[in-house]
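Chain nomenclature is as follows: A, B, C, D, E and F, assigned in order of appearance, with residue numbering initiated at 1 for each chain independently.
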């Protein structure tokens, strides 16, 4: 039996505390297909901080979304999937390592209950908590990573190994990401070192830079993403700075010259055949988003598209 | 048995959807001493609109508050009172009369359950819904009204009788406010008509203008407020434009030259002997509040002081 | 004889109260070809409110525009058309039905004087007032509608039939829009119900979704728009959420993934053969527009392009 | 016969282009008692620029004011005085000297028509244009100057003698201000040179610093101001940085530690016996004012108090 | 020989990178009487984060200040003291303990060179780095602490002992603050636990709450502060949330009902006899400060007053 | 020997006063290949003023950039070029002609030292100072001008010949720009006069309008730009309003319908064979840029691309 969100044709969207897409708050994780989980930690942020306020900012704009996705056969996400908003994981601000552990514990509960976690960051280091929790159940994961940066550096300030710029190297080292089934898309902009991008290739990842993505075209890019993970359990991580700052000003590390929101959504809507076992949308920073909060809206829209990928997959499974 | 808010020394304040002061959301109204109710209607607003977003904005800043009030004997509000956040009433945007009816229905449920409603507006016309709901149980009410305007005009545009400038005249006409037990405090600023203030006196209300309040002194003003309602069931309505716009920029109708936040809180903290049966804090408009959201914080602080008045009264009752 | 705007090479644009494009304020409607009319009502807004402040916000940015349109033969709009800013219609905030009536009365005067009204909303429900006024003179109208939503729902909260989401269904029911000569362009995003878009087709309207528009290409889209109304008196209604939120953050209901401003203007500039008898640009909400006020500027630019369509048509008529 | 502003109980304040207090725009200066004149020049600003947008920003908030002043016998300003909004003087941005000349020409016309000019700056150097225009009719003027700075420096960058920090020294040199009848009130904060304040005394002005004002008390300060000009034709210049930045953040040169808005208005409301022949309210900078625009509202409120001083004086004259 | 700041009468304040008060950047610490040091760490912040951007925000507004302090005998601070801006200490974002160590190293260099450090936070935990560095030279310090909170809790989330709410307990435990010579002033607002304030007294500190401060009067409060440290080496720590949020909206933990800026500056200006060996101004958060940046200006003004205390003391020493 | 910027993998980007890309501040101009020079004058601005704050705003966002440009062979700009931040030129606010002279003097010093000046405006009139300084060394220059306006008007208000709309006509008249080697790219939007664009052609300039640029395609546009200057000493002037306002809201004169940031950067990255002897990036206005400061970031990114053009050219020269 499905649990439906509040109907925005009956009750105005501004009524009530804003859960993700006006879903019910989870009172019980068992039986859910997917759970929205806020991951409000920003201790991994090397520059702009404040992503701790992102989960609620994204939720506040998600009330504008409607349950039916016309890009995947007019599927009603919440008739297919039982989804609830599981609230936020806790964290320990100023203590990155302890924060990741706290997030991981909350995500463990979601994964153990059999639900796919859809995390709302937080800075990008929260993905490490997600990958750890999900890999416990599914083994080494294919990573599908949208970003303008590779986040495969080795360490940051004072040699610290855990931050929003290093977590995917850590995940490969920890054996929870299988680079051979993983892909990074959208890299662009100036570099610290000549190897900022090639270091990912050296780690075994496939990389499609932003320029390469446009040279290939979006449909071919989508095809390559699917081919790379090839049905293997995949964790999709979407850093909002993948998109141009005009569409996503409210992020930690904006990088000029990215795709538009239409291009981005078109790419996500054409992804086929992914076996999503975990997702996150990260790096929203509402303090830099302006009164229109368009980054938060885009983040919520991306999350809804990720839910639709899972919903469509489940429809296919059931129709077999 | 009391229900305590989330402890902000254990879980960071930014974790979780922000209910009022991190209280539990009400699953059941029965047994509550007080219920926080969002009244997100702004169809009565003659100028700046957007107070529909105020309940959640006030809640978001209320997470900064702590449960113990040192101004009333270090009382822990939530050990004395069972309080929950009952979420929001619904409304019908663009339809003022229907909105008031919808708000009233939600407040009826709170009052019928025996809880004192603490409403978060919404434009000031929501007070009419509150007064109607509470008067059904308690009969004609003493009104304790803090504001820079009397809101006792007869009608606004196109002769409409229901708006944020007319509801207290309506309440007196409806017999749900007893003017002889009622008082308005803080009136100031330029007038439409010479009788803008005296019309309240003509209706039987006591009026203490802002200048008179400072001439009397705050302790004497507090004494007069208490004397006016004299233990009779009282409804306290706090319009945030009572305070100077420097302290409350995020309101619909700011009026320069009001008291400071310290003076305002000092006045509220010295109120003694009120028999509160209903309250609201109204006219917050987060779009005009600036990134610091100081009006929302002040509104939340005022609400917590009103809860403390009720808590202290209950302690006294129990100790008799 | 034409009436020219203040010359911004002689008098700085910040000098004087900002009428639309620094046009003279109308002291007399007779003899005007077109009149700019503010329609500052937002009682139809189901979500973000504040479009009541839009007409003056759009005017404030319109001072940046210049009279000559290089995309239509370097036409000087105001040498061809006698245009004035007729100020604002009044409304009754919080009373949607009465507001529409008040707006209609003001627009009646414009239409009766023989001028084409160019309305500045206000929420989208103000289009119903415009359609009613114009249809009195011209009969059932072709509707040319740019938006990300169809706005052909039947009712909103509490069964209310008049709102910013229902007015085009009402207009068809009232017989003032001829669906067979009408077209909606730009629909996108998630849906409440599977029929959110197809309900317009069921009403007899042609619909070109955002994806279809890009599949067709902008020139073919422009051709279809013109073909649909085929010279019949047409009312063009432009909802600023047609454009992507990056270009138009200051709207009530932003929808990610829309066209850019360049694509939008390119489409409008290629429209040929329209017989405009009424226009509006709606749903601007300056509170959400950021300090750059780019949505207001885009709205003003769109309005100037609509004036150029009319001017070019008049030049052609005269040269026949 | 008086000309009344639009009634905000009949037509919502957001309807129509916002003239000062919704007054009619002047079509003719003859016969006016007072004229509101925007002076949108900021070429004299040594630090934050943008006061060119102040006149319209102040007007936009002035619509919140009502015609009756309860602090001076419930006088209806516009029944006593014929006032109109005369629009803006022009200026030459980037050319300070030419700008002052252009402003002066516009003010000459007001003064020659017999109206008292109430100027809305602009940076403070616009006062020199006002003083010049008014002194042509009334001879050397008493200056009543509220500010946190003396603005009697000799020159600024590159030895330039005309700027927002030097105009009162220039006015004394030009013989249009009589220092013996002039007073400066409110000086505070850190100094460039030890003589920053005493240089005014050396010029013959009376100075009451902010600390001295509080030591004297506001009533005595008001008495001294009146005594200084003693009925002589006086020009009152109000720099909004007189007030603490909490109340007036939107200024060019904020100075922490000033009076509150209530103290400021109380001082203005207790001024008696001034013979106002010219006024200005200057240094508003809307870009720094925040979404609540409280500085603009305070500026408008101050202007209305200055009009009330004139109105009360006229009532007294007529009753003699 | 003194080193003077750039003269703002000669070079506009907006010219050049903004060092504190336009002082020269230190190329050498030896020979300085005082050094401004940015402490841009916010890993200790339990709620709003972003104080890492505060040092440069405070510097940007400090260019408005002038070198002469008229409240202490028209002293020219920079003719008395050799002061330079020593830039920022580094830190390790997301790693609180390592950050404090990095800050301490930078401050050690200042103290070892014989200069008094004037730190610009950063969250309040940076004071621990300052106390540690200064105590190495001067032994246990008297703490003069202005704040609305005591910051003497034992631990925060997950039992962590280092944060912006615990550092003064740590300092006492480390023996670097002598509670018998220390005082906390300004505590107010709601409490977590009944002992939130009394825990400081239990530690041996003197506490003057906000209410007590106003009951005593500001001069007597100043006297008590001086008496408490009695010439002993004192570290003065000023948390900007001491001031009411209307004056300081841009802080991490605003607390309604505090003193005004005028009262605050008056208190600081009346402090006599302090033997300052270290200072900081902390908790500024520019993201919440609004476009006027009044909190940053107030922070800079407070810092300049602290410099004046040191300057005046040096003048007295030299004149002995 | 090169001088490298602070490494943002070692020291967080928010540490230290933000020079351009964290470069060392110039203590000596001799020996530099290029110098960043702030030109903080906005006295030439006919509309929105405040570009005086742009150099530091652009610097503050430039800390996000990294030294290696992957679009030109992974060149490390600062290993190839010796670059320093030379701080700001001074100016005389409110005195346009004197300001240009002051800027020119500062730029003379840079050019005389043999460094290529990279100016950060300021309003666009600052380009005249740059052209004058550079032409003294290199003779009449090829101008490569990106903008939405031609800026070849003859005069503005009051016949003034120096402003942000006239400087390129002046430069041609002064013989410092050789129109036959010069090109303007990106013109769009409404016109004052039919000749607003063709007047540039009449002056001998090549003009590629925005529509023509898209018709030609970006690679062909880049080829034409290079062909026009053909290795002759070129001055590249980039007005940020070249880009669509969604990507650059923080400018003086936004013009809807421009290229995206990706298109813009792609164009700049494909420029080959330019002989840059001077550059500027102008018209940033941080007051209108929103909290994300995306215009400042884009301006900094553009500047880094211009540095890369010079670096690549030097590599080629050296490898010959």
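General remarks:
In this text, a contact is a pair of C-beta atoms (placed from the backbone, for glycine too) under 8 Å apart; a residue touches a chain by one contact, two chains touch by 3 or more.
Treat the numbers as computed from the prediction; the structure is a model and nothing was measured.
Contact with chain D and chain F alike is made by C, E. Ranking C-D and B-D by contacting C-beta pairs places B-D first. For the two copies, chain E and chain F, the CA superposition rotation is 180 degrees, given to the nearest 5.
Matched by residue number, over half of the contacts between the chains of C-F recur in the interface of A-F, chosen from D-F, A-F or E-F. In summary, the pair chain D and chain E forms a contact in which the copies contribute largely different residue numbers, shared numbers making up under half of all those used. In this assembly, the C-alpha centroid of chain A lies 38 Å from the C-alpha centroid of chain C.
Computed from the mean C-alpha positions, the centre of chain A lies at a distance of 41 Å from the centre of chain B. Among the residues of chain C, those in touch with two or more other chains are 11-12, 14, 46, 52, 90-91, 93, 157, 244, 246, 260, 287-288, 290-291.
A complete list of chain pairs in contact reads A-B, A-C, A-E, A-F, B-C, B-D, B-E, C-D, C-F, D-E, D-F, E-F.
Taken together, the chain B residues at the contact with chain C in this complex read 42-46, 48-50, 52, 90-96, 98, 102, 157-158, 160, 162-163, 287-288.
Chain D meets chain E in the complex at residues 46-47, 153, 156-157, 189-194, 196-197, 210, 244-246, 249-251, 253-254, 256-260, 287-290. Touching chain F in their complex are the following residues of chain C: 7-14, 64-70, 74, 76, 244, 246-247, 260-262, 264-266, 290-294, 297-298, 301, 304.
Listed in rising order, the residues of chain F touching chain E in the complex are 11-12, 14-19, 25, 38, 40, 52-53, 56, 59-60, 87-91, 93, 287, 291.
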